[in-house]
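I am attaching a structure below and will ask some questions about it afterwards.
Chain IDs A, B, C and D follow the sequence of writing; residue 1 opens each chain.
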């Protein structure tokens, strides 16, 4: 990896260099009822909109790589035959400006199942291949537990990663194209003092984590506690609204719907993101539901993320961003649920 | 100003084990329904042929695998291939009308173009079963996925030991493939059929599958290690039948089941078929009983 | 219009004869049908409309599908509905009034029709009975929810009806669609919302416009109303405010009485 | 031969709601004639009692599917007047714009879909899809524009979602407004064509003198709030509306009737035109002149033309409003609401005439009394006496049964009655 340092006022130049492309980044979405600022990822048309010192975004980046609704293909029907037209819905390369480590890690995890598996998902892959990612160091929030999930720093899956050293940015360059961009910027090799400052800044950040999840033997504990009473308690709270999965950067399950146009000559096949928390997720022919109760479904979400994925890919499908807990109206958070399953939380029966 | 180059995934050759480039993962074979045979009031047998002769020949599958059958604009659903593997892309599907896509399919005439993708999923280890006795146990629609291994076994009948088919249905009118029973018997297959409730013409036994299985096990006290079993049917049936087989000393890894889940992609993406966190479409639908025991909420 | 006979995947598609009727309602749902400007012509081409009083003078009693708007609040309406039921093969209730009683059923909450009449008409005699959904009088084949109905959904339902394809509604709540639209949760903005318990299908129409959901589409499958009540309390909303929304369209009948008795405790 | 006929139109078509026409003429003498409303009442005024203030606009919009925006705005105005909230310029501008777009969509719906078939001697607009596709396309283009604008400003074309007491829940994108402005500009030629189409129709020559009631313009053609005026010279304040409407019940109608200085009064496009002609945009006045329409006109069939004139006016005025909104910086969309005890009235000119909502609140902002007076109920008596007069004139002119029935139906349609709304 190559490192560079550039003064903060150079950032706008970096933006300008990239601005011929579509740019997505954190923008302000007003304030919540307590006056706290809200952020979300959106297209950026003006450098002033870019809020690099954002706390966390409500939704993840997922809408850009796994849109909540996506047309997979269309059909033209003739009297006795039909044609299928496939469009991967990727047209433009896009710069993602200002992703935190957790979100970059989330994409890396999605890659494993959506690109690495025997059947790659071409719709995802097409968008994924057209990303230019600029990461940025974050300030841990009270709900962040990425440190516990091992996703508090990111080793690959980005082009450039910026760390705020006060009056300058420390840039990790991870791709040739990023290197090319940096060469049109006023920047230089970091000095030794800046190496130290970089380490120091990261250490300070490490010390700020307040939220933890104990993942020791979690795969086994989830198996052992499959029948635990706490699941029922969480289930009674859960609204089965799927919000947790919708805001999660790594939840990817979906449903398919096919519709015929009013003219009866065309049809479309649409994919829409689903959630394993929704009531009919595991319903099959004849109406049998493999997970009829909300606690069955809630449990399954944890089971998939913290056990199944680990078995398949040696790592958890959760990056510890805490969004699901933040968005859950019933206050169901990963740290509390896992603690209670481990028999530690206040909620343990 | 730097314009990022657009990466056309369509063009980019991927080094995937299975296919050459990413488009192939969305490829649908155009196929024609060449014949439709009503089997009962709700099930029909569809003969479906891939139109392009080359594609038809290239399409090969193992008994137990399934395809996604698509009616454009109506829906797509997984169905076990119910015909002999040697027939390649000229397959038979036996389909029960239970919902959106299957109800529409029941109205579709001969000659209609449909889409097929696959084959997907794991298969029954027919090779491995050679030299052994085989018990094929089916309840209701469970006979459908068993028909492909039955064909495979019959084609090399002399390589297998005793073959038992135990098949239960709710009543005689729901029995599938009745026209093939004589043929199966001619191949020295011990075919046992039982119904929950008989009717005026019914000569055979009445009761549960387990009744017959019990008799079979009692008659062959040392079936144990030498026997492979394939079990297919409604979830409630699995547990009882597999328990009995275990008691009869069949090793867990010689008992196979085919599980049914909701599937929207068949490609390990939509998560709809996950059991615990195992994809039924990738690691199944055929599982050995050990794996099933190991998965939460499998049956 | 002359019908072009279609087949779809080899299945013959017949233009059904359809009729539209309205009972006690604002006629907004019928208007929504005419509001399909962009697709109106295609929509009309799918159907053979034989009766649509709001838009045409020709009338016929020979129809296969009847779309009925409005709730039943008078005996003559009940009688006419029964006639429609007898004629139509498929009876489709459109809008919350027809499906649940709609806003009209709010008058039922007083359990005092005489007082209600007196409020509006004084001593002048007027005929009216408790507002009822169609299904309280006759069997209903299909329900299209919403106040008002959503044209995209109507078009989908009608296309599916014409094709003979099954018609499914989301079983999950509005939150799913709200999140898909990347809205900020109304509770975070300090507004109450019934999204977590209301059946989706409207594409989170109101929350996407920053108005909390009032539950016009009725309950989602197995809604967790008890938990939502607690959430309302945590966010500073009273049982009364929750009740206002819950009882607004009549879809949550059972939960309204539960909440009423719970808030008395 | 003297005219004898017995006309009974049950559930008149191509109007909103359920009304019946009856005319019995024997030997040239009108024995009986009139207008009956058989719509089932919904009792909104009772429903509102005991509800918190925030329910009022939400529920009252549902009085009418066609003018739900007008009802919502009238209701909001009543609540705001009771709580002493004055909308800022941005809110007022957006509300008027929204109101205009509802007027446009409602008038176009009436002119093309409900009224025009009569003049073309067809049962509905459907045959035109084949014979005159360009007419249907023009109608849908205009209606779509108005509806899209309602979606963008009010959140939804039927039963708006963004309109709340205190302002709006959220604002449209300025780029969306700019797009609407461009479409409005492009709509003017369509309106000219509409006028040309209506020039080819022969409007029945029928006059019965009546009293016209509307809002009183001060410097603008009035739509939201202000004083009330009648063509007979009565002027009242907004909250004195009861003295303008004087509602009463008749046996043959579930909708109430109104009167002021005479036996009946008329509200609607023609009333607004007659009372506020001076405030119309010159282009709109030109259109009126091309139909020789000038105030005070007493031919109810001319209400169609007055609607057309208003379409031109609201389109031009909307362009002006959008220009102003685009030039200003967006302000907070919503003012805080602090309920208090009191009474508030909101009068709004909806497509069919002047609409009043009035509420009384207790300390906590719960409604203790509600009253809504709908344009069509103000028009009922006028429609009734017009039918009688039409029957009389027809008998004198020896018209055929079919002709009398057609004229009577057209007459009622000319009022564009919103019957379900009037029986709320």
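To be clear about the criterion, a contact is a pair of C-beta atoms (placed from the backbone, for glycine too) under 8 Å apart; a residue touches a chain by one contact, two chains touch by 3 or more.
Being a predicted model, the structure only gives us computed values, none of them experimental.
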What chain is the most remote from chain D, judged by the mean position of CA atoms in each chain? B
Please list the single chain whose C-alpha centre lies closest to the global protein C-alpha centre. C
With centres defined as the mean C-alpha position, give me the chain A-chain B separation in Å. 37
Centre to centre, by mean C-alpha position, how many angstrom separate chain C and chain D? 26
Quick check: how many Å separate the C-alpha centres of chain A and chain D? 51
Once you find the CA centre of chain B and the CA centre of chain C, what distance in Å lies between them? 42
For chain B, give me the residues that contact two or more of the other chains. 71-74, 99, 111-113
Identify all positions of chain A at which a residue touches two or more other chains, and write them in rising order. 77, 80, 259-260
Once the touch criterion is applied, which pairs of chains come out as touching? A-B, A-C, B-C, C-D
Okay, in this complex, where on chain B does chain A touch? 1-7, 9-10, 12, 14, 16-18, 22-23, 25-26, 28, 30, 71-76, 96, 98-99, 102, 111-113, 115, 235, 260-262, 264-265, 267-272, 274-278, 282, 296-297
Touching residues on chain C, where the partner in the complex is chain D: 1, 22-32, 34-35, 37-38, 40-41, 44, 49, 52-59, 73-74, 77, 102-104, 106-107, 110, 115-117, 119-122, 124, 126, 128, 131, 147-148, 205-206, 209-211, 214, 240-241, 244, 248
Quick check: in the complex, which residue numbers of chain D touch chain C? 11, 13-17, 40-47, 49, 51-52, 54-55, 58-59, 62-66, 68, 109, 113-114, 117, 123-126, 129-130, 136, 140-141, 143-144, 147, 155-159, 161-162, 164, 169-170, 249, 254, 420-421
Taking the complex as given, what residues does chain C use to touch chain B? 8-11, 163-166, 168
How about chain A: which of its residues touch chain C in the complex? 29-30, 32-33, 38, 40, 58-59, 63, 68-69, 77, 79-80, 236-243, 246-247, 259-264, 272-273, 275, 278-280, 294, 327, 329-330
